[in-house]
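Each in structure tokens, the structures are laid out below.
Below, chain A partners chain B and then partners chain C, in two separate complexes.
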Partner chain A sequence: MRADKKTKALAKQLFKLSVVNGAVSPEQVAGVLGYIEKVAPRNSLGLLKLYRSAIVTELAKSHARVEHAGPLSDSALSLIASAMTKKYARPVSATAQANPKLLAGLRVRIGSDVYESTVSGQLTTLSNAV
Partner chain B sequence: MLTLLLAVTEPAAHGAAPGPIEGLKDTFAHFGVEPKYLVMQIVSFLILFGVLYFFGIKPTIATMEERNKKISDGLKHAEETSVRLAAAAQESAALIKAAQLDAQKLVDEARKSAKEFADKQNAEATARAADTLAKAQQAIELEHKKMLNEARGEIARLVVKTTEQVLAKKLTDADRAAYNDAATKELSVS
Partner chain C sequence: MSTVVAQIEQQIAKLSSKAVKKNTGTIRAVADGVAKLDGLSDVMYNEMVQFPGGAIGIALNLEADEVGCVVLGDVSQLKEGDEVQTTGKLLSVPVGKALLGRVVDALGRPVDGKGPIDSKEFYPVEKIAPGIMVRKSVNQPLFTGIMAIDSMIPIGRGQRELIIGDRGTGKTTICIDTIINQARINKVGLASGDKGFRPVYSIYVAVGQKQSNVVRTINALEAAGALEYTVIVSAPAADNPANQYLAPFSGAAIGEWFMENGMDALIVYDDLSKHAVAYRQISLILKRPSGREAYPGDVFYLHSRLLERAARLDGKGSLTALPVIETQAGDVSAYIPTNVISITDGQIFLETDLFNQGIRPAVSVGLSVSRVGSSAQIKVTKQVGGKLKGELAQFRELAAFAQFGSDLDPKTKAQLDRGARIVELFKQPQLNPLAIEMQAAILWALQKNYFDSIDVKGIVTAANSWKDYLTSRKDALLTSIRTEAKLSDAIEAGLKAAADEWKGTFSK
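Now for the complex of A and B:
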């Protein structure tokens, strides 16, 4: 069942209430969920799906997943996190994930944005250029 | 005749002659010719001649003259007809000649039109063949380029794959750490 316009507008409004200072607030999220549970608005299941999708997207924007091949120091990870925090103007955390297919280098994913500096990426670019 | 002369000359020889009229009468009497019968015979002959002339000779002469006139008219008409026939023959010859010229002209025009049509058809066929040939050449060139691109892509893919395999074996942790530090600096700056 697809959500109607009113459900979408309500989900958007509840999402705005859940974000405080550019970051998702767990207390606000708990309050929103309590409100939904208490009031039980029309099409609450569709509303919860839309709200969850918005929260996940927002959390992804606050989290950088760093794929790497070879050793990666904590200082490098924290340097990337601080650079992304500065770039997106919000607190961004970073977690490392090994990916040997990259051969060497880093690939950073924040939400739908991808920053890459890897040997495999350069080889792929070279292959596409040829 | 001799007898008549003897009868005429005999009285003259015997004495005094009575005269020519008398002599003629005697001669007629001698031969049994009566003058009144002779006159009647002459009158009868004239009557018969008149009847024959008016009812036989004159119509016959008129008929012959009429026939002669008809013949002369016919001959004259025949001459005119021959002249007219000659003129008609000449005119028909001229007409035939003109018709032959027109027919020849038409044949020449038809031949010329047929030649032009054939030339046009040949030109169109040649242009069509050239167009088909050009399209075929373009298709061949496109196919050639496509094949080259596919071969180039396949070669590049093989090169990259081989390079990846070599790098995966040859790169040490130190190399990867150095590359990761450089990548960290690059991503931090951007």
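Now for the complex of A and C:
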């Protein structure tokens, strides 16, 4: 079912309540979920989907997913996290994920931004340029 | 050897280990050529978006939680969850003289099978129209080669003149004739070696037309030798609505290159009714609010921003626009026709009744107007055709009484006879534009009553005979009319002598 204007507005309001000092607060989220369960507003399913989507997007902005081919030390990971924290002016955590398809290098995804320095990416650029 | 190594090193330098930042998103839904995307937090309005598989899209709706994007290419390969990325570039098309003689699609890619286009420059498809200060008033003529238009509804370089009429009334024919006439003038002018001569390059934008019609147009231009001065932008009916929406803007970008580089260009939008329909389709799919006749609220802005790009620039060139609008049952008060009438600097209205009576081009003199007026006419045309519109208007007024011919006073009868002769004289076969000096000679003969003694039915034959006579025997006279652009005493004496001689041979 397509969400109506009221549901969208309510989801937006609940999302705003869930963010404290620029970060998603787990306590506030629990409170919002409790409210939805108790009050059971119209189109709860649609509301929860919109709310989830907004929270996921917000969380992605504070989390750097680091894909790597080859070993990646913890110190390098924490360096990436601190660099991203400085760049985006918000606390950013980082998790590593091995991806052999990259051949060599790193790909850092944070929100909708992707920072890429991989051999596979450069080969793709080269093949597109030829 | 060292050059080769340097080239490789340059390529390696490009592939440095520096991280590249990309802004990405994912496809949430794809339907009817429109994709809804998540992410793309940095995307700009009208920015090109890269889809997997090489397809390109344009971001048209930037909303709080999603981006609406029209896909210019094959959507069948796209699926939910696919990654898309911004390009940081606004949609651009190749421009320049390399496009002359070529047929391209809405993105400027060749579709004529003549190989790639060697174009080094690109212009953005959407561009703000030139402002007030850089413009210059329109006072240089652009000859269509159609006598009824050049003498009564003159078009100037940089003007926007609407061509409006029902289906099958000859709208495209007028545009093609005009393009052919520009090519003829270009050939004569360039051959003359005149350094001050400014050729006019043409751009024909086919929107939502049948492929067979586009092919016919290309063949007509090729046969007339006009294709080498023309660029054809084709977004036929089989193309997706996004391409049909973009094609006129791409054509305008191609024309702007000529204008910005001190050259003159003519652009034909054939037609903007279908363009509005394509835009309506996209807008409805993007769920934009609809207004009158289900067109979106910005359909006026769609056409005004397109047509405002036609201009004459101070110290540079000009872009003249001939937009075409198809009416339904002659209704000029419909939404899109009234919009475009109010934007343009005049209109040429073609009537079905006139067309069916055999008056072709079926220009309705009463409803057609050029707001630039006689400032875009050369002196010779003013001298020989200044009174024509008034005479024809009087004729139309009196025509209702024509059936009571026997009861009319001699003055009224004379006016009717003259009007009937003017109407006959303005009949012109298609793909046969007349040079301005020939038009002047014919209208001079009319003005000096050389056709008065000829039966109305024989006027066309007489005019053809006069043309043949001038072409075969008085070429120097025609050249002097063209170069002097006014009726001097010497030219008038030459015309009189020629007309007297011709009249003698024609009567015999």
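As a working rule, the second predicted complex is superposed on the first by the 130 of 130 C-alpha atoms of A that agree within 3 Å, B and C clash if a C-alpha of one lies under 4 Å from a C-alpha of the other, contacts with A are read in each partner's own complex, and residues count from 1 in each chain.
Here is the rule we go by: a contact is a pair of C-beta atoms (placed from the backbone, for glycine too) under 8 Å apart; a residue touches a chain by one contact, two chains touch by 3 or more.
Since the structure is predicted, the reported quantities are computational estimates derived from the model, not experimental observations.
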Considering only touches as defined above, state whether A:111 meets chain B (first), chain C (second), both or neither.
second
First (chain B), second (chain C), both or neither: which does A:89 touch?
neither
Have a look at where A:100 lands relative to chain B and chain C in the superposition and call it first, second, both or neither.
first
Return first, second, both or neither, reflecting whether A:53 touches chain B, chain C, both chains, or no partner chain.
second
Once the shared chain is lined up, is A:79 touching chain B (first), chain C (second), both, or neither of them?
first
Contacts of A:70 with chain B and chain C, given as first, second, both or neither
first
Determine, for the superposed model, which of the two partners chain B and chain C contacts more residues of chain A.
B
Tell me which partner A:126 touches in the superposition: chain B (first), chain C (second), both or neither.
both
Taking the two structures together, which residues of chain A meet both chain B and chain C?
105-106, 108, 115, 117, 126
So, in the complex, the side of chain C touching chain A is made of residues 11, 15, 17-25, 38-42, 64-65, 85
Chain A-touching residues of chain B, taken from the complex the two chains share:
152-153, 155-157, 159-160, 163-164, 167-168, 171, 173, 175-177, 179-184, 186-190
Looking at the complex, which residues from chain A come into contact with chain C?
12, 53-54, 57, 105-106, 108-109, 111-117, 121-122, 125-126
Hey, which residues of chain A end up touching chain B in the complex?
68-73, 76, 79-80, 82-83, 100, 103-106, 108, 115, 117-120, 123-124, 126-127, 130
